[in-house]
Amino acid sequence: MKIGFIGTGLMGQGMAKCLIKEGHTLKVYNRTPEKTSTLVEAGAVAASSIADVAEGQEVVISMLGGDEALKEVVLGEHGLIASLASNSIHMMCGTHGVDVIREVVAAHGFAGQIAVAAPVLGRPDVAAAGKLAVITGGPREAIERCGSVFEAISRRTFNGGEDQIAATSMKIANNFLLGCAIEAMGEGFSLVRKYGVAPADFLEMLTDGIFSSPAYNIYGEIIAQEDYDRVGLTTILGLKDANLALSAAEAVQVPLPSGNVWRDRLIGAIAHGDGEKDWAVVAREQARSSGLE
Amino acid sequence: MKIGFIGTGLMGQGMAKCLIKEGHTLKVYNRTPEKTSTLVEAGAVAASSIADVAEGQEVVISMLGGDEALKEVVLGEHGLIASLASNSIHMMCGTHGVDVIREVVAAHGFAGQIAVAAPVLGRPDVAAAGKLAVITGGPREAIERCGSVFEAISRRTFNGGEDQIAATSMKIANNFLLGCAIEAMGEGFSLVRKYGVAPADFLEMLTDGIFSSPAYNIYGEIIAQEDYDRVGLTTILGLKDANLALSAAEAVQVPLPSGNVWRDRLIGAIAHGDGEKDWAVVAREQARSSGLE
Amino acid sequence: MKIGFIGTGLMGQGMAKCLIKEGHTLKVYNRTPEKTSTLVEAGAVAASSIADVAEGQEVVISMLGGDEALKEVVLGEHGLIASLASNSIHMMCGTHGVDVIREVVAAHGFAGQIAVAAPVLGRPDVAAAGKLAVITGGPREAIERCGSVFEAISRRTFNGGEDQIAATSMKIANNFLLGCAIEAMGEGFSLVRKYGVAPADFLEMLTDGIFSSPAYNIYGEIIAQEDYDRVGLTTILGLKDANLALSAAEAVQVPLPSGNVWRDRLIGAIAHGDGEKDWAVVAREQARSSGLE
Amino acid sequence: MKIGFIGTGLMGQGMAKCLIKEGHTLKVYNRTPEKTSTLVEAGAVAASSIADVAEGQEVVISMLGGDEALKEVVLGEHGLIASLASNSIHMMCGTHGVDVIREVVAAHGFAGQIAVAAPVLGRPDVAAAGKLAVITGGPREAIERCGSVFEAISRRTFNGGEDQIAATSMKIANNFLLGCAIEAMGEGFSLVRKYGVAPADFLEMLTDGIFSSPAYNIYGEIIAQEDYDRVGLTTILGLKDANLALSAAEAVQVPLPSGNVWRDRLIGAIAHGDGEKDWAVVAREQARSSGLE
């Protein structure tokens, strides 16, 4: 397939490489051009602009780190609305808010283009291995046209239905559940530490019991080892995720009390200088509030 | 081994049968004598009193549903303090509060008896299969003497150290984490439902993603199917667990904000008449507060 | 003084009339021109545009209901930046977020104009009586120049210092405290109602005890009488205030756990159809969650 | 009236002196006998035991600091149940939980005695001045018989109805509202401090605005001045009050989310060594969690 790819950060690079490996023809664009060099070495063509990366493509994939970036790419001067061919697809793989997705989907619709929400689950190493999971949301026909893309980058797709906003809410809820699980683990570790339990013993229970799963195993280990410099997602970006969840929930009148607790610990961690640590550092913030540090 | 067994409810029956099957000599006692009949058929001897069940045993196991019951069994007139032989072991398998465990451990110590905390993880079907996990807390030598008991009832033990209270806190923290996970799932399901996502689709993401584990699979399914009559643990007993966690945490000055959220939903569920439903019904209470029911 | 006045809603009308009564020369502007008619009858001149209302004034007062409206008035084409004379004052009396105030203050600074934050405390009837309180924030010299304005509209000023953003935070914190007090009252009323206490009896304790103050007297009465159609501020606008507080707090890394509780009840109330009721209806939402309705 | 008085701590002494001053005949008892000496000097007779203080009295007043103390005084060997004359009144002025009040009321009923709940509002200096407020709960006829007692110790009574438990819940709710107000103030002060507002300026707004009342004036001042050594109620006793509220609410299925927030800050304050400071120190705990200390 002829694919344009916008956003070659850590996640994007892994995904783009998988697409090249599977034989797709890739043109890549990044605001910071140097970040496309390894992809060019791997066989991609570097684009000089959004218009350039979009021209003549069947699909343009964006993997962007924020809502402002997405709006700029789509709605900005010389953005996708202006440059993507009619009936072509913009597949949005980043984690975005429901409001911006609604706005972008509407704009693509007016322009005769097709928006597909395809937020991905997994971290950079998973992306590099082509083993992400993808939540797909959009017109069934468009999702089908993207089949070979999903095969290249993921181990499987989850059905987010025909509504891009619904699929977006699933990804937001996924991150929300993860954040709440980390927060609860932090509370649990503080509790047992105060009773003299070795964190490694509590971790073993988590990882060989009813919680045994990547979410608990990975973050339980980070918390047990207090290894917050092993950064998967920073606390500041975690706070962005928490706010996405709380905003999405407010928009449909859903209170998220566990989300509030999680957000407060993220804010507290940032207040104590841990904004650039892994977001599991909420466990340290919890420990602080328990008089443990 | 010569074993006395007190408390033959659903969990206790499964555990006791496993002990009989493995060749242990079992005397059993329950406040309601009828509840020992199937065990007697399986080869156990029925005891007429606490004193009777304790007499001459190397180990007496209790599997009781509340702190008051444990205090009565141990500290009551003609209780274990009065009837258990010196240097014999009282293995406590129920989920109890840290305060009552501290009190009971001290009393056994004064009486020259040995208390072992051995709270179990797993539900009745797991108990019947001899596949529980056991958190062991107590003197190393006593834990070793109980080795064949643990082999009979469990797939493995988790190390809770030499302190019975510490082991108790691990079990309490385990239930706390589970309750918080259920609460967060409830919030997540409400969120995506409001965006039109089919609960089954969200469930699939939970069960084949980073959360894939018994905790999320079992409770995610109950919530997705709103199958709250499939009762593993009632909401009223769930509230007991929440209070155990919050009390244990207060005693060592640990705030548990996620625990508060969970407890409030349990209370709200009871207020709406769902006290005897499965404790996953906090998800329905969350839905109510979101205007979904 | 020669004064331009933008925003003649309920609050603005009361304030503008007081200014006229005290002899100030008033030009008034509202997006919906009809809303200036009673002021014109009282002696004000109607302006046809922002530029018109700003031209030649010493002070332009804005009393606007939202951050977007303020941005439009100040930064929009033909807005105050383009039309207000150098060294003239824009006095902002609405309740705005810290971000928009920061942006507007900076823009006025670049334009050689002076921004004063002067958020007011009080409801429409208090405004009509000229008895508001004003929190003043901005350059001391500018605040002094506005002295006769403050005298006309308020019973007193509170010192918010020379920083417009600080003064803004005081107003936000005032509304936050009020919202939290209402939420706590709601919880308290639910509690005692369940014990059979007559709401009027509990209200009497509030209004003749240590809480006796307008905040508790007014909102206690609304709650006791469940008189949520007596709307001072709608729940939807209350949610705006809650979000202003939580955003302002996040920006400086302050968790506001009581604010979360309050916000969740506002969201729940809206979910149950009470968005246009008085924001004290969080007490009804609390009652719902307690199984009382 | 012939009155027995049990519990001559700070509060009790002030109340007892007022009774003497108004001409009542007082016999006084305290576990620590020295604490009755100033009252004896003032004209009271010292009792040597509960039985002694109760013998022949029309009314026995208890002003005790905890539920255990009340149970001991009433239900203990040689306690009031055994020694108070039939049809005499036990007026309970302390702050107690609903459970213990229910138990004590039932016991007095079986014994043919009359229990009156009369929890008082106010601090030691207010008690000394005879200006407390009293919430009265119990049989109307008994409340009337106590009229001269209420006149001596209080500026007024609040009607808690004929149900001692309902009256108790009013007092608990009063302390709950006060605690939540203090907690919210703490959050508000942290917020404005981060924006550079002088605490004294924020305090002035509280004390001359819609919150102007003893609750906000007294505790606002303590917080603004960070004067937590001026102890009215310790944080540890504040936590007792928080737990009374949460237990009373759980018993009737009322979630108290603001109460959870307040309780968590009390726990955090104790974790940081502030257990013996004034309970307004939750504001410092809030500041800590905001990175301010």
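Letters A, B, C and D mark the chains as written, and numbering starts fresh at 1 in each.
Keep in mind that, in the parts below, contacts are C-beta pairs under 8 Å (C-beta built on N, C-alpha and C of every residue); 3 or more make two chains touch, one makes a residue touch a chain.
Only a predicted model underlies this, so the values are computations on that prediction, with no experimental measurement involved.
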If you check the contacts of chain A and chain D, which chains show up for both? B, C
Would you mind pulling out the distance in Å between where the CA atoms of chain B average out and where those of chain C do? 53
Per the centroid of Cα atoms for each chain, what is the distance between chain A and chain C, given in Å? 38
Need the CA-centroid distance for the pair chain A / chain B, whole Å please. 37
Multi-partner residues in chain C (2 or more other chains touched) are 249, 253-257, 260-261, 264-265, 268, 271, 289-291
Is the way these chains touch best called a line, a ring, a star, complete, or other? complete
Can you check the complex and tell me which residues of chain A touch chain B? 98, 121, 133, 135, 156, 158-161, 163, 165-166, 168-170, 172-174, 176-178, 180-181, 183-185, 187-188, 190-192, 194-198, 201-202, 204-206, 208-216, 245, 248-249, 252-262, 264-265, 289-291
Under the stated contact criterion, what part of chain A meets chain D in this complex? 257, 264, 268, 271-273, 288-291
Interface with chain A, chain C side, in the complex: residues 239, 249-250, 253-257, 260-261, 263-265, 267-268, 270-271
